[in-house]
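As written, the chains take the letters A, B, C, D, E and F, and residue 1 is the first residue of each chain.
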Amino acid sequence: MRILLDKLLVNYPYFAAMILFIIGAFTVMTRSNLFKKLIGINIMESAIFLMFIAAGNIRGGAVPILDEANPQAVYINPLPSALMLTGIVVSVSVTAFALALIIRLYQSYGTTDARRIAELRKR
Amino acid sequence: MGFTAVDYGTMVMLLILIAASLAMYFIKDLLHAVIVYGAYSLIMALVWLQMNTPDIAITEAAAGIAMTVLMMVVISRTSRKED
Amino acid sequence: MTTTIEAHLPVFVVIMPLFVAFILPTFARRIRLVEGLVTATTVLGFLGAGYLASLVLIRNGNPISYSLGGWPAPWGIQLSVGDLSCLFLLMVASVSLPVALFAADNMTHEVGGPQRATRFYVLYLLLGGAMAGMAVTSDLFNVFVLVEVATLSCCGLVSSSNQPRAAEAAFNYLILATLGSALILGGIGFLYMITGHLNMGFASQELNRVWQDYPHVVWMALSFLLVGFGVKSALFPLHVWLPDAHSAAPSPASAILSGLAVKGYAICLIKVLFNVFGIALIRDLSMHRILTLLGMIAIIAGSLFALTQDKLKRRLAFSTVAQVGYIFLGLGLANSMSLTGTLFHMASHAVIKSGLFLAAGAIIAATGKDRISEMAGVGKKMPITMAVFTICSVSLVGIPLFSGFIGKWNLLLGSLEAGNRLAQAVIILGSVLCAGYLFPIIRVAYFEPAPAADWQDPGLPQKTALILLAAWVMILGAVPGPFLELAKRAALDLLVVK
Amino acid sequence: MRDFILKRVAALLLPFIQMYGLYVILHGHVSPGGSFAGGIVVGLAFIAFTTIYGLERGRAKVPEKVTTLVESYGTLWYGIMGMVGIFKGAPFLANKIAGIDLGELGALSSGGLIGLIGLGVGIRVASTMITLFSTMMEEES
Amino acid sequence: MKLGTLAMLLIFLLAAYVVLVAVAELPPYGMVGNPSHNQVSQRYIENAWEETGVLNMITAIVLDYRAYDTMFETIVLFTAVLAVIITLKTTEREGGGK
Amino acid sequence: MTDLVLALLSGAVGGILIGLMPRAGNRLRNIVALVFSAAGTIFSWRVAGAVFAGHTIRISGEIAGLAWSLQPDPLGAIFGLIVSTLWLFAGVYSFGYMAGEHKQRTYYTYFLLAFSVTLGVAFSGNLLALYLFYELLTFVTYPLVIHERSSEAMKAGAKYIVYSLSGAGAILIAIIVVYSWTGNLDFAGGPLLAAGGLRPGLGWVLALFVAGFGVKAAIMPLHRWLPAAMCAPTPVSALLHAVAVVYSGVYGILRVVYSVFGHELMGQLHLSDILPWVASFTILVGVIIATQQDVLKRRLAYHTVSQLSYILLGAFTLHPWGLAGAICHMISYSTLKVTLFFAAGVIAKRTGKVRVSEMSGVGWQLPRTMAAFGVASLGMIGMLPLNTFWSKYYLMRGSVAKGKWQLALVLITSGLINAFCFIPTVVAAFAGERGQLSLEKGSETSLMLAPMLLLAGIALLIGLWPGLVWPGVEAVVDWFF
């Protein structure tokens, strides 16, 4: 257990990312409000982004923009950052679409609660 | 394990992130939850700035604001309370 | 000119539908032109896929590689067209052509106006392009992006139906699918963190070298990917979004969702499992047992749920859950026979399920009734539609001479080779249950007295589409030729220990 | 009165916000930021304009027809830039390999096609934000 | 409902433990010698400026090395916009602008 | 070869033709049906003649890389002969019975299609073709089972489909196993599995095969669909549920025992000691249940269950005499049982009586029908002038020769119970008062009567002159031993 905690402390960004991921998933699964589900999804995705970006980072490294004044700089790995740019766009798209669906559902059912909607639909 | 000041700063911000995410779980007022979400994404952007990726930080800040704005628009058009 | 096209064909089959999709909104007012363009695109896609398949068959299985932007493999994104890709491309093309034809006539009616219909077609082509991209890509992150395009367009297709029910189904689908994509991205992240590669081939080499240092991480990555793709391809306990989504969507959309979209994610999973982890690692982690078990549960449970549904499209949707079980079962048995069976069953199920959904759509559109118990006499009034439905059902049950039989035959041979008696029993039980939920529909339609109503077969384009699918089912059953050959070779390719 | 101040301040600030957005788009390859972030900033400027001056005037500035065209052709623009590679006998989306002059390192015009692609994506993202916002704001049509 | 949430909480805590065990095994955070800092990232860092002509390596990757991904990224956005429009514009105004 | 194709096609073509002429009058339809069933009969006789003359007729091909072939051997030829002959008789009988019934077009369509498919079962030369036709038979006969469209009929149909498909599934597994062992499913080259000798799992394969075909052959725990299916029209019950469908199951088991396993390999399996007892159990219990039934058709159905196991018993003795008895019984029993059903149909049609307890006095109103019924009843006991005597004789001889004299005892006992089953009915029919029963329409029509009497006559003829069928039986026995 101690070793586990020690290692987790070393990998603290991953640790935090996974905790955020679990909280996000928990929000999605247990909250019946559509907004809360959406926020949970966003938390989950940003947790994954955090994990990627932490994986690319080097402690004390340099920003990955070529600096000709400082040829000795240790640049961080730019690949995960580039990937996450795409990831962020994807999460924006999903959020936008989900918001549109929420509006549509509110127009039809007058509520933003998934459970109420299911009840109203069965009726 | 020699943590530097940057590490400690990042840790504190990560703790704030976790607190914010828990807050979003518990807050009943959706508008407040969305405002907390805006703060969350801003802090996330700061964390990434700490991690030497200003590109992503800028993008996340912009995208976070955009999403917050959109969510607020939608909340203004639907109900604000969670029931 | 032709040599240029041939050289760039792997990327053309992906971007051509996308390009057409971008220019469609300009012509929203002229719906006939839009329909013509969509149909022409699918025809071109079919020709391209067929040509690629013939190239690959002539090259004797050597995959065609294409480096995008000219960057070689570990740095840039590489497309690789092998047997598996060709099989899937052909499958996409052969299903999307009839579906486009079918949509041509009543789409405007079904979604409520020419502009909405145009948007529907745009989403349809985007989905097609994403599917083609999934078939040819060999880059892990590219898989994620394509999966996202596919997911969003699927949800858009579901919500294009103008009912509140569809919006709810689309929301549930979107949330669960995004949860799945987050898991997929997490799995890819784990893999990237321990291998440092995103190209499948390089990642596989590196993974097989280092995996013993990180056993838990590998296990975690595998389960993240399995659950993520499992949600998207409706593996049994994770299928909850599917019945609502597929039954609420407009009929052509249901056909394409049940027939193709689900398979696209399954293909991605196959690529990740066999091309990245590799068969040896799957065996070491005894992942194949889990897959087999999940597949068997899915077959039985999906069929039982299907039996209890009275709504026609819901029953067909649950049937998809059961058939996805066959795919996972075959993956889990993990030998050349079972993989051949799985791949072939994928192709044949794509055609069959599209036919079933299109026929169901035609019936519902003509009669206005969506319950099976109300369908008495449909067989008399709509002979062609019901004949197609019957052919497809018989094929899904797995009668010889029809396409479903060949897949099941190979699956059975595979389960025999794996020494799994239970799997054999489940495959057969699945067939019997399949007959149990499909034949009552046929019985009601043909053998119960018809009410006096003016129901008719749909118009000529839809009839053509239905007949095309039925003919395709028969052709796959009688002369599966290149399809079976591709499936066999792809199965052998997947099993190569790297 | 409150409205008046808001409108004056907005009239002063919004051009600068847009300038900043365009700057971020155009300097994506020499400094942090990029087309996506810049596009969102430009879009947000329009959104702010719309919230302050009302949906009608916002729509008048950027009609729906324009956004639709920018949406589709902005995305197509990316593909066309990719086709340049094919026309020059190189793979899809090729840049240097296709023989395009990369320009002087660090300058605004460096990077060959990258700047063009980035500009297209930026404008497209801006129009996307506007479309999303106004579609969600509009009352049931 | 409360009981269901509690059960879910237990499941998620279990999942969290499993995930954390895996996370503890990952290569240590922020070290130069991690597997992901391999020849792939080295090439981006060392050659990006002469191969693509831009200083920002992230832009170089996004718009050149992996431009195909970015194309699909914009397509995702396009898809989302279409899906939003198709969801919200349920009726068509006759003759009105699109 | 042309004969083979024509024999297989004539039923299918006729059926589709009838299906495609919705407005045709009954008369025209009957003529078409008669012409095509006669054609099928003639061509299958020619095929059988060629086979017995020693010619090889073979059509083969591939679907999806799996070889199929049609190659009748003597066993198949005999089955084809029985089927085609009886189909002709049943067709003629149908013209009388079905007159005035509803849905005649559907009836004749599937009647002729089923003819083709059954001939396909008989002539198939490998396991895949056999499986294909066996599976098709289920679907083609389903509309005939539910012909009445009552809820009872629908239930029976559902039962029939579920039982048959489960059985087909078991067969499919077994075929897969055989295929993976031998890579070949053809019957022509002698027993398939004989070359491999004993291997683990053989017993399971045999059990799967027997269970799968046993569904249609109505082996005792799997027989339940058969009495339920008796709600079909009488010609259907007579032909399909007493002969064609159930025989395809029996035929499948014969094939499995002699063409897939071979009698030598069978002899080495433990299971082959048990199987005769399963058959005996079915024989005894089936006939005992039959005596309890009051509805005549149900009684006949349970009796069918019992009699089919005679054939299986003969097959399971693995002795030439036993096999000869089985083949003889296939021929004799079919003629007699069809006669019985035809008679039951005439009684039901003319007097409206379906229960045995109501039948006193019927014999005086329908004398010729009841006479035929009596002859057939005697045959079921195994009395000398009738053909079943010979089959029982060979069955007993075979079982005694194998050292299983208990089986002979079973046969004798069952013969006695058979006497209790039918003789009282016949006696009551003639003994009762010449009641004032009013016939619905005139007397027996010739279209129904002629096939019935003819069949009874054939049964008598074979009984008196067994040499008529003996060469065929001998050919089959020689083929397998």
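Basically, a residue touches a chain if its C-beta (ideal position, glycine included) is under 8 Å from a C-beta of that chain, and two chains touch if they have at least 3 such contacts.
Keep in mind the model is a prediction, meaning the values are calculated, not measured.
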TODO: Give the fewest steps needed to get from chain E to chain F, where each step moves from one chain to a chain it touches.
DONE: 2
Task: Contact distance in steps, from chain A to chain C - done: 1
Task: Chain pair with more C-beta contacts, C-F versus A-B - done: A-B
Open item on the list: Can you work out the whole-Å distance between the CA centroids of chain C and chain E?
Closed with: 24
- [ ] Let me have the rounded angstrom distance from the C-alpha centre of chain C over to the C-alpha centre of chain D, please.
- [x] 36
Task: Chain centre separation in whole Å, for chain E relative to chain A (CA means) - done: 9
TODO: Mark out which residues of chain B touch at least two other chains, giving numbers and ranges.
DONE: 53-56, 59, 63, 66, 70, 73-74, 77
TODO: Find every residue in chain E that makes contact with two or more other chains and list them.
DONE: 19, 21, 25-26, 34, 36-37, 40-41, 44, 49, 55-56, 58-60, 62, 64, 66-70, 72-81, 83-85, 87-91, 98
TODO: Flag every residue of chain B that touches chain D in the complex, lowest number first.
DONE: 54-55, 57-59, 61-63, 65-66, 69-70, 73-74, 77
Open item on the list: Touching residues of chain D toward chain A in the complex: what are they?
Closed with: 30-32, 34, 36, 132, 135-136, 140
Task: Residues on chain E engaged by chain D in the complex (per definition of touch) - done: 49, 51-56, 58-60, 62-64, 67-68, 70-71, 74-75, 77-78, 80-81, 84-85, 88-91, 93, 97-98
TODO: Give every residue of chain A touching chain B within the complex, in rising order.
DONE: 9-10, 12-13, 16, 19-20, 23-24, 26-27, 31, 33, 35-36, 38-40, 42-43, 46, 49-50, 53-54, 56-64, 76, 81, 84-85, 88-89, 91-92, 95-96, 99, 102-103, 106, 111-113, 116
Open item on the list: Give the list of chain C residues in touch with chain D in this complex.
Closed with: 4, 8, 11, 15, 18-19, 22-26, 66-70
